[in-house]
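What follows is a pair of complexes built around chain A, which joins chain B in one and chain C in the other.
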Partner chain A sequence: MTAAQTGATGFLARYEGLKDHLPGARKPWLNQLRADAAVHFAARGFPTRRVEQWKYTDLAPVAQAAFAEPLTSVDGQVHLPAPLAPHRAVFVDGRFRPDLSSLDGLPFRALGLAHDLAEAEPHLGALAKPESEPLAALNTMLFEDGLFLDVPDGVDGGLLELVSVAVDPGRPFAFHPRHLVRLGARARLTLIETATGGGHCLHNPVFEIEVAEGASLTHGRMLQEAATVFHLSTIYARVAAEGTYDNFTVAAGPRLTRNEIHAALVGPKAACHMNGAQMAADGQHVDTTTALDHAAPDCASRQTYKTVLAGRSRGVFQGRIHVHRVAQRTDGYQMNQALLLSEEAEIDSKPQLEIYADDVKCSHGATVGALDADSLFYLRSRGIPEAQAKAMLVEAFLHEAVETVTDETLKGALTRALDAWWARQEAAA
Partner chain B sequence: MPAVTETIETVQQATESGYKWGFETDIEMEFAPKGLNEDIVRFISAKKNEPAWLLEWRLRAFAAWKTMEEPRWAAVKYPPIDYQDSYYYAAPKQKVGPKSLDEVDPELLKTYAKLGIPLREQEILAGVEGAGSVPAEGRMPIAVDAVFDSVSVATSYKERLGKEGIIFCAISEAVQTHPELVRKYLGTVVPQGDNFFAALNSAVFTDGSFVYIPKGVRCPMELSTYFRINAKSTGQFERTLIIADEGSHVSYLEGCTAPMRDENQLHAAVVELVALDDATIKYSTVQNWYPGDAEGKGGIYNFVTKRGACRGARSKISWTQVETGSAITWKYPSCILQGEDSVGEFYSVAITNNYQQADTGTKMFHIGPRTRSTIVSKGISAGHGQNTYRGLVRIGAKAHGARNFTQCDSLLIGDLCGAHTVPYIENRCVSAKVEHEATTSRIAEDQLFYCRQRGLTQEEAVGLIVNGFCREVLKELPMEFAVEAQKLLQISLEGSVG
Partner chain C sequence: MLKIEGLTAEVDGKAILKGIDLEVPKGEVHAIMGPNGSGKSTLSYVLSGREGYEVTGGSATFNGHDILAMEPEERAAAGLFLAFQYPVELPGVGNATFLRTALNAQRKARGEAELDAMQFLKLARERMKALSMSDDMLKRGVNVGFSGGEKKRNEILQMALLKPSIAILDETDSGLDIDALRIVADGVNAMRGPDFSALVITHYQRLLDYIVPDRVHVLMAGRIVKSGGPELAKELEAQGYGAVQAAA
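Let's look at the complex of A and B:
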């Protein structure tokens, strides 16, 4: 690939050049998967704002950039965040680094995808939809590594950290990790993901998450890369009967963040909670897009998303709840709220219900506004300085998104991520 | 509760009769040749004896339409429409511009009498006390413009309104009598190239109503237009333009029906409202186009562009719609809130039964400071019906202190139908406040049980609950129409329960 080739053309050229060398190049099933994805990506390229799901998020800066491959740095200094738990898997520029990871003693298998592709075969591509999501196509076409977690039936996997660090090589680069998470029947796991680092990079991860009967996955995410990073992540989760998938995301940092989650409740009494806080300051764009499929009866879903926008920034929330005909007695609720702190911020919100079953209880709510003047006045009148009063209100607003987290380690980490963002805003102001 | 008794009776009647407005009037008609081309546009313009500027205006619209694509984003499905396989002009043969009702073809008068629409002055709207009865004490008369296929056949109370300086006539007549007003406002709210159906309408609109309320005048009676499609293989393309000058007030009602046919007929109307400083326009619609039969055969495609501009400070435009008819509804009555402190409202009940599909909602554009809007939408789906609320609230950067409240509720009756909510909220103003709520549920078992226990049949109970569900919207309608609308809801839901 030459430096002049940008966007989709550049990535397709890279695929053509690399396809015989990508991990799993000798496996026909994987070659086919990549080739099909390349066809889909070639047909669509990066979505433009004419595509309904991308109406409010402009990928032009990504599509117009030329990204190189990440350098294969296997040593050298990598700045890692302080560990939150004894076990963690570390990825640098999208590549698994066993030397930096600590996985000994985990009660389940945690493997680097590049080296253990055979294990992943039944799961890789089982949920992702490269035909409808171009970024999933791009990922499928070019992924080189990822994490494969397989928690057996009945096992409590405890807590595992997934750390992704981007190291700035001084030129734009892109990586597309593919993570697979499988929880057997009644298994449990808390996965805490931290994305950090900098440089002009595109981080385009895809998760395929399968939660079997009665299993429970808590997935915390802190997307905290530098303001030069494009973070476009797509999560596909499938939850079987009585299983639970909980996602808590704090997105604050990258220049452009797209946090896209597709969750399908496919067995009776499955549950999904999706919560998040996304924050943006000058020049940043944050986008949370969720699609929740209620495809079985008696399932419940809850979503709470908070957006805080400062400076010249833009926030997007799109949330779709689809209740299939069979999904009787669905209980679905979604709330998204945005707080504008600046004259130059813009929020676009599209909560969406698509309902084909009659015995359901589904609702959504959306609010947009500035800090409540009455609340501010109340605090001021009790002698609290304006800056502090403001901070208290913003904090209260944001913390609601992580209120329902039960794991203390995760809750602490998410809360610190929220507070760190506000502290940066105050320092800048 | 008299309304309930009435409702029950209506349901009983309806069970026997189905769509009771589905008859056809046998009347000699004049048609333009089938198909759509520049000559047809010229034909219509010539037929209406239009000035050159209007013909050019139409031709520009037609040129734009030819370059446009039919919108496909709505959640409705229908086979491709052959725009060449339709008549774009169909008018009853009668004397040009009848001077009084006596000159109107008796067949037409009979038709409107049968529909319960009082063309004779002093008569009141039927459906409350029966056609032709004496108006009740203190009840306001209603002025009616009757549009039959492509032309306006009669307008009542013109003289009485004229005394107040109010102009209420067919738009084709207004082009002749008040060309300066028409030219000043036509297409300023919905431009010719606004969308595919608006462009089509701009090219071939044949009639519709024109209303001008002068400064400071409060229109003394309800104005209304009744649209009737009668002829086969025709489309109806009417254009309504209402201008409320400073400090004026008008309440306008619109009703519509069509014969039962196996074919789908196209109705692509454009309505433009202009409210100047301190003016108020209340626009109510009871849409009862033929919905097609129980198998989804036939019915009107109702692809309508309605938009109001609150140009003046403190002006107000309020849309209320009860959508029970049409095979497909594609309609988003909107408000452009330009004037400071202007107000937009949208109250809607949309009901889909059998194979009806409705994709309807509103757009509120907040441009001026302290503009306010309220959206209340109630969607009811039964049978195989698909009902979508699609709405946009956009707050511009200068709309300081703007406020929106939206509530959309959906009710599902039966498990073969669908209810969808697609709101878009775009806010660029820090001091604006937007709230949106939506719920979807079915009729609660305990409510049904409560009603059944008191001796109501399943169908009556559902009727009662549905009426309660829609109450917030129905109360916005003028009283007579509210009663009529309640009955319509019953009829539309017929066969969906039990």
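Let's look at the complex of A and C:
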């Protein structure tokens, strides 16, 4: 297949044109990293539905669009969501905006990646796999900026917000932020990410997350961009012994969302919790794809995902759990539940367990259904009008997913994101 | 008053109610007794408007409203209440939220002021005390993890809060021990008065020792085959449905 057929041409041309001007262009290691990524991207282009991991999500609308670079200047006013905490890092069209951020007084280093590429060298590209994930290749080839944060050993980093705003310039544009998150031994952090904004854009972030021994990262994500946005994010997380990575994602807004998470539990007693709620209305597509590697003994993983689909929309859940031979006494659990609110909605659900150890507790389950008629009648028989009764049942379904979240600030923000989505559906109905 | 005339209904194309005639005057409590499969639950669902129960003939009016033409929530706001034989569990819907939403939806439909959270809690706690229910049942999901008796008490609590003018109690006694039965019966008796009527549907006479009806009707094969005073329930208990059927 040629680059033109897979939609790679435009991005490759941009890389050729920009490569001497991209941040770090004078650093040979980074040039090499980008050049290698370009080779991978040229060879594969955007994945088509013939690729197993992309069987249910069609990137043709992304591959066919002609995106330009964002033009946003580095100053000027943008509409930001209300702050959840004193500390926040703000990115506009993928570029760090120190003037809009408030990072003073944080007990660790957090800065725009483009400003400190030398420090990032050992970590950038340590986890991402551009050879197997074309979107990671695209990101590596063209990233300009991102959040680089490093919480030292034993430090409780508290709460930090990561805000990503896309500003509509009136024509299609693409940005590919690269975020590096490192927690030292026994460090702690809650990172709450909000993606907002609009325009015909491609937001293609890649996260590389390292959680050292005994450290704990809670990562909440609210992907709430406008229904014109393609949001394709890829997260790579590596968790050392007794460390914990908790991810909770609400995907409710973009035209197309791919929430792809690769997590590896590499030390004994590491843990990973991946939960989320994804919602789509008419014409939208949401996809959660997780790949979990149990590569050490005595690790635990929990995954619970909820999907709500309205109108002519489509949802995808793919969850792979790979239990390596050494990973004895693995405790794995995966559940995904979908609620279809219309006859035209479609969900594709694919759990995949590969188990090579013999002493393992691993279970998975999936449910798909419409709103329960008995429950609906029960509410209506008490005088609750049909629309309100439906809303109560949808909210109950979604809120169940949030119950596992212990951080109150995060829980509140996630709940508001869920309620806002439902309120929009009701307003549109 | 509730007035049912020549009511016929089917489920999945099968005729279940074959011409029901029944009047429950204002302020009276009537019992409907009958063996399994006689159409008792179908009658309660038809009157409350559940989907899947198709009315093929006849009429049912309540205080002059043609209730068969109304949505379930409209029937509720007009004062009709169904206590379910199998109350539904609603995980993720808090019992307090559910009760308050229902109460306020009905108040709103009737043009009355809605209750705020504090007013509601005060009212709910008062009613719960009378039903020997712990406050903790307000915090849990609707009927989630409730025992059979707790679910039935939660039904009676809803009735006590919503103050219907007619309640249909569908086998509310099933699965209750004697203490729970007494609490449920006390809850119903506390509602009795000139503005409250009830249709108590039961298989056994036992409940009617505690909720003494003004009239008893025997439902068999989709028809009321016999009506009488409270003594009819005792008669049925002693002789069984077979004797009534033979006589009818």
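As a working rule, the second predicted complex is superposed on the first by the 422 of 429 C-alpha atoms of A that agree within 3 Å, B and C clash if a C-alpha of one lies under 4 Å from a C-alpha of the other, contacts with A are read in each partner's own complex, and residues count from 1 in each chain.
Everything below uses one rule, namely that contacts are C-beta pairs under 8 Å (C-beta built on N, C-alpha and C of every residue); 3 or more make two chains touch, one makes a residue touch a chain.
These numbers come from a predicted model, not from an experiment.
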Which of chain B and chain C A:His399 touches, first, second, both or neither: second
First (chain B), second (chain C), both or neither touched by A:Cys362: first
Chain B versus chain C as contact partner of A:Ala427, first or second or both or neither: neither
Of chain C and chain B, partner touching more chain A residues: B
Chain B versus chain C as contact partner of A:Asp374, first or second or both or neither: second
Which of chain B and chain C A:Leu353 touches, first, second, both or neither: first
Which superposed partner A:Ala82 touches (first chain B, second chain C, both, neither): neither
Partner chain in contact with A:Glu343 - chain B first, chain C second, else both or neither: first
Partner chain in contact with A:Gln388 - chain B first, chain C second, else both or neither: second
Common ground on chain A, meaning residues reached by chain C in one complex and by chain B in the other: none
Contact footprint of chain B on chain A as seen in their complex: 52, 325, 328, 338, 340-343, 345-370
Chain A-facing residues of chain C, complex: 48-51, 71-73, 75-77, 81-82, 84, 87-88, 90-93, 97-98, 101-103, 105-106, 109, 141, 158, 162
Complex contact set, residues of chain B against chain A: 73, 397, 410, 412-442
For the chain A and chain C complex, residues of the former touching the latter: 373-375, 377-386, 388-389, 392-393, 395-397, 399-400
